[in-house]
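Some structures are shown below for you to check.
After this come two complexes, each holding chain A, first together with chain B and then together with chain C.
Moving on to the complex of A and B:
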């Protein structure tokens, strides 16, 4: 197996906001990919500037934060080309708050670059690409504990190019949910990072 | 000195006897069955000559053709020949057009038009108009196009026609391999090129509650030519399907083998070549004008005798094909082609899709052709020879017409009688 065939988990570094707010997510997702699949995966993630052409080497990229998002023109242009060529951007609102500044500004920026974000139906392939989530996106402990906007968000949103999802947007705060050391998975009766496996498998197969 | 009367009388009796004799011959000739003369015609006067021949039943029909008659006229000539009229003709095969139209293993219903006319200017058209502005002078002309209706190849010597090719829909392509960027982007590229693509990408060994493979909607576990035109094998995870892939090839299907799938013994046995030493792509090469140089490669070496090179990169062979039974196998020597699409210069997305479409098209089973419509006339000269036999190199000169001989006889009889009357008058006998 050559190195280029390995899946590399990449976090987007953007000029505005706190892109590094969930530092344990990459290791946790990588652990789950190795644990549940035979997909060759790089043992460590990478951080790639959103405005850099290096982004094109990684067709799935994760973007999170709490603060307002304003992309630079380089970031917009690179992201636009990236999405057109087949890249998938997964954006998670670390606030879990639909009135939060991250949500408002990120959605605005994403719609400028990728077009309208629409609700994904519960029978979307994303929810069946590996594990089966009959009820759509799994809820997070932050939603269930009433943090943020005190709402359960029953759906994710996405922008598509043809039948292919190019942007996946979440208000569910997976950034907090998955932001723990992988060794601590042993304390969970059900691994809450399983949906991350679905996300990666979906990106690699659709 | 004038002849004695006795001698003149004998001469007059002789003249009368000769006139009577010739009169008898003329009467016998007129009583014989009437045979119309041989009809002679050129290509321009052919329709009127055929009509005349049908009315008069000539002794023979002799044609000097400088262009090949169309199908209707050929059938008319054949009908006359079978009705008993001998037909002789001369025609030049040189410059007579021949054409064929066959569906290509490509999405979008494209066909390949191949036409030939030795030493003549050839122009191709379909029911809408010219297929190409250029015309070729002699030699074989090949054109890949989506046609509207029938097509024809015309030269001054004739017109070859092919009715609209009605082919079955192009069957799907199945992409098999491990879940990964290559699988995703090969399927995506082929879809963008217009192929109907199904994929089966392996994620893990079967585990309770998970999907071991991700199948696109409609993808079938059974691989056969009823559904698929070609199968793309990306890596060694396809080992379990080896037997069904062999059967698929035996049915006439196509297989594309990526470098990582060559480690399967079953694929190595049918591949057009062996895999050479692995090479790392040139740094920044994907953005260059030769993006394949930027990809990791395993050039094809030790090509089999029946292998056909599809693409070279300098001295390296990076794609080759061969027939395996009635199926076709294409072997590739580049890996991680998704990098070309993602990291390449402007136009990389389209170029990547076109390259994969070409490689799959080289292996895929073409659509089946439906029955040809009656207007088909792909090789008019051959059809002419088949209908009425081979032409003569030179036509014989025609014999004098019987009518003129009778006229000569009549003139001779009149002359004899005139001399006999004059002789009697000069003798003073009325």
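Moving on to the complex of A and C:
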């Protein structure tokens, strides 16, 4: 199979912060893609520097961390080009804390690159691209357990280019929620990584 | 009331109804025409509506009264509405009011009720027309000329109203720009938020003057006899359309956005790792803005903690007065001791500046961020933070390439060389290859804790210098295990992907290169440069792999989890079996003949003859094909006894092997 025809889950490696804080998320998402779809998918994810033009090969890039985010000028430039070329950047606040430094700094950087982040409505195509999430983004156990800012964040935020989402920003801490070995999915009555499938399908179809 | 009086009364009533009918129709039609004309933007909508109403009323009245409203016609109209009168009214008009029968009929039948019902029916459609006219008034009116401060009566002015214009731009106060008079401009380029004033020539009336942008009217007012429009420069370009009767003009408004300040941090010049948080950190930055920096400052964030638990502190440091200048410098000093930084803490510092824009909020610019990290206590003991010098394998890589090039060149010249010449040149290359192998062995075996002198450690089992004793040959795997034992295997792998420890990841390819070099050297010694090339390529690739493994990324790599896609998708690995029965062996030519012969026998009409033929067939194949021969014996008995032989025929055929030949038809078997 042509390698370029496979979906490759990419984690963004940026200079500041702890980009590698959710190392098992890629494997878990890949497992879900294989489990619920017939999308050709690479069995391992890739880590791509945010300032590298290699980023342009991939339709979806995942970025997470706890620490303050400051993009370098190269990262900013590459990311801007990537978004303009049709890429989707999924950013998740690993602190799930709207008062946290990741949130403040990441939002500032993203708005600098992609424009203002606005709340996504619950009927957004993202919530229906594969599984149907009537109530918008699924909550995470970390929100429900009262960690971080002790808030349930009822919406995701995003920046769009035309009708297409170019940046998706989450305070829900999917980085913690999905950061387990996929072999342990059998212990869940409802697979909590299903939303990742929506994300991938959306990125591949919009 | 007499019969004649009743008819006369209804004559007056019906005349009134005809007038009402005409009024309703005329009003409805007039309103409809007025509303539609108004929506279409016709200036004479009212006149048109009135004219329509008059015409409709006239037509209806002429039609109603044109034929006259005679008593006889009214009587017939009533008779039509009240058939129970049985022409009593007409008869009374004809015979005179003395007819008792007529009076009795009129008294008996409710003429008025029937007549009023007829009136209501006659007024139904005019009512609908009126309602339609009323509803049409809801149509929106076409936009008319802008808000008019005065309503002078219409007066034709032959002079141009849209030329010349006087355009004046007043920039926002924070920009401190002078007021600009652009004269009769066609295009205005100004800072977003500027006030744009457009003055036109003197006019008597604003009645026909329309100024709009994107379909929305802009208020126009009269000032000293001149028309005037004032608007604010938006952040997006606009086209101002002006129209006065047949005169039209466009004015382009092109906004210039106020840029956010550009901030550059000069000190600290780069990210830094400090062993102890002491002393003072000098901060310096430069901020540039197109209209002036209003405020500038430094901001720092201190991150403490690790894993999932982090705490943050943030604060601002004033960078000094900016004076509203377009270029300003910031400077500050930060006492590290006062921040009480702990090992592992990271301080992010950056400079920010805001301009004075009051139009769309102050524009804010930020510099790059510098990180100052306080080293952890054990950090210098376990991790080499400073960059190491290039590994000695680098030079080996270049040499190997060179040897490959020389060997490839020698291969091309082999045909032109004599055997002694070939051996001489090949031998020189072999010595070069041996020297290179010695360098690689030094790198490998010094890392493995062995004598860096090298080649007496013959993990690959190859020969060695004759003067040295031969050590017990170790396999490469044994060698690697020994290397891991030699290093502190309790420490976790730091920065290597895959499952290998650093020792294995680096040394495995070097050992592979070492072995390949041995092979290449042997071929060169034998004067076979072509055979030496494949192991040389292997050696080169292995060295390349070792170099890649030596690139350390201190931050670490995530664990490598490879998803078994086939397993997740429940595709499995067992391909299964198509059938439990073994495939039949193809029939030989002899068996095909026997099959054909059996078919011919079974088509015989006489069962006895068939039985005999079967027996003859059996005799013929008894030695060579005993299994079908045994079946034929039973088949002959069945045929002779006149019993059903179907199953036995099948068994015999199966014993003969293969499938039954295809035939168009099979003769029926007749049991005698």
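Following the convention adopted for this analysis, the second predicted complex is superposed on the first by the 205 of 206 C-alpha atoms of A that agree within 3 Å, B and C clash if a C-alpha of one lies under 4 Å from a C-alpha of the other, contacts with A are read in each partner's own complex, and residues count from 1 in each chain.
In this text, a residue touches a chain if its C-beta (ideal position, glycine included) is under 8 Å from a C-beta of that chain, and two chains touch if they have at least 3 such contacts.
Predicted model, so just to flag it, every value in this text is computed and none were measured.
Undergrad: Does the superposition put A:181 against chain B (first), chain C (second), both, or neither?
TA: Only chain C; A:181 stays clear of chain B.
Undergrad: According to the stated criteria, A:201 is in contact with first (chain B), second (chain C), both, or neither; which is it?
TA: The answer is first: A:201 touches chain B but not chain C.
Undergrad: Would you sort A:111 into first (chain B), second (chain C), both or neither based on which partner it touches?
TA: Touch status of A:111: no partner.
Undergrad: In the superposed arrangement, does A:24 touch chain B (first), chain C (second), both or neither?
TA: Touch partner of A:24: chain C, not chain B.
Undergrad: Classify the contacts of A:68 with the two partner chains as first (chain B alone), second (chain C alone), both, or neither.
TA: Touch partner of A:68: chain C, not chain B.
Undergrad: With the two complexes superposed on chain A, say which partner A:85 touches: chain B (first), chain C (second), both, or neither.
TA: After superposing on A, A:85 lies in contact with chain B but is clear of chain C.
Undergrad: Once chain A of both complexes is superposed, is A:132 in touch with chain B (first), chain C (second), both, or neither?
TA: first
Undergrad: So in the complex, which bits of chain B are touching chain A?
TA: 178-185, 188, 199, 201-205, 207, 209-211, 214, 278, 296, 335-336, 338-339, 341-343, 348-349
Undergrad: Going by the contact rule set out above, which residues of chain A touch chain C in the complex?
TA: 11, 16, 18, 20, 23-24, 26-27, 30-31, 34-35, 41, 43-44, 47, 66-68, 70, 72-73, 95, 100-101, 105, 108, 176, 181-182
Undergrad: Going by the contact rule at the top, pick out the chain C residues touching chain A in the complex.
TA: Per the touch definition, chain C meets chain A at residues 301, 303, 308, 310, 312, 314, 346, 348, 350, 366, 368-369, 371, 555-565, 568-569.
Undergrad: Mind listing the chain A positions that touch chain B in their complex?
TA: So the residues of chain A in touch with chain B come to 2, 4-5, 7, 36-40, 53, 56-57, 59, 82, 84-87, 128-132, 164, 201, 203-206.
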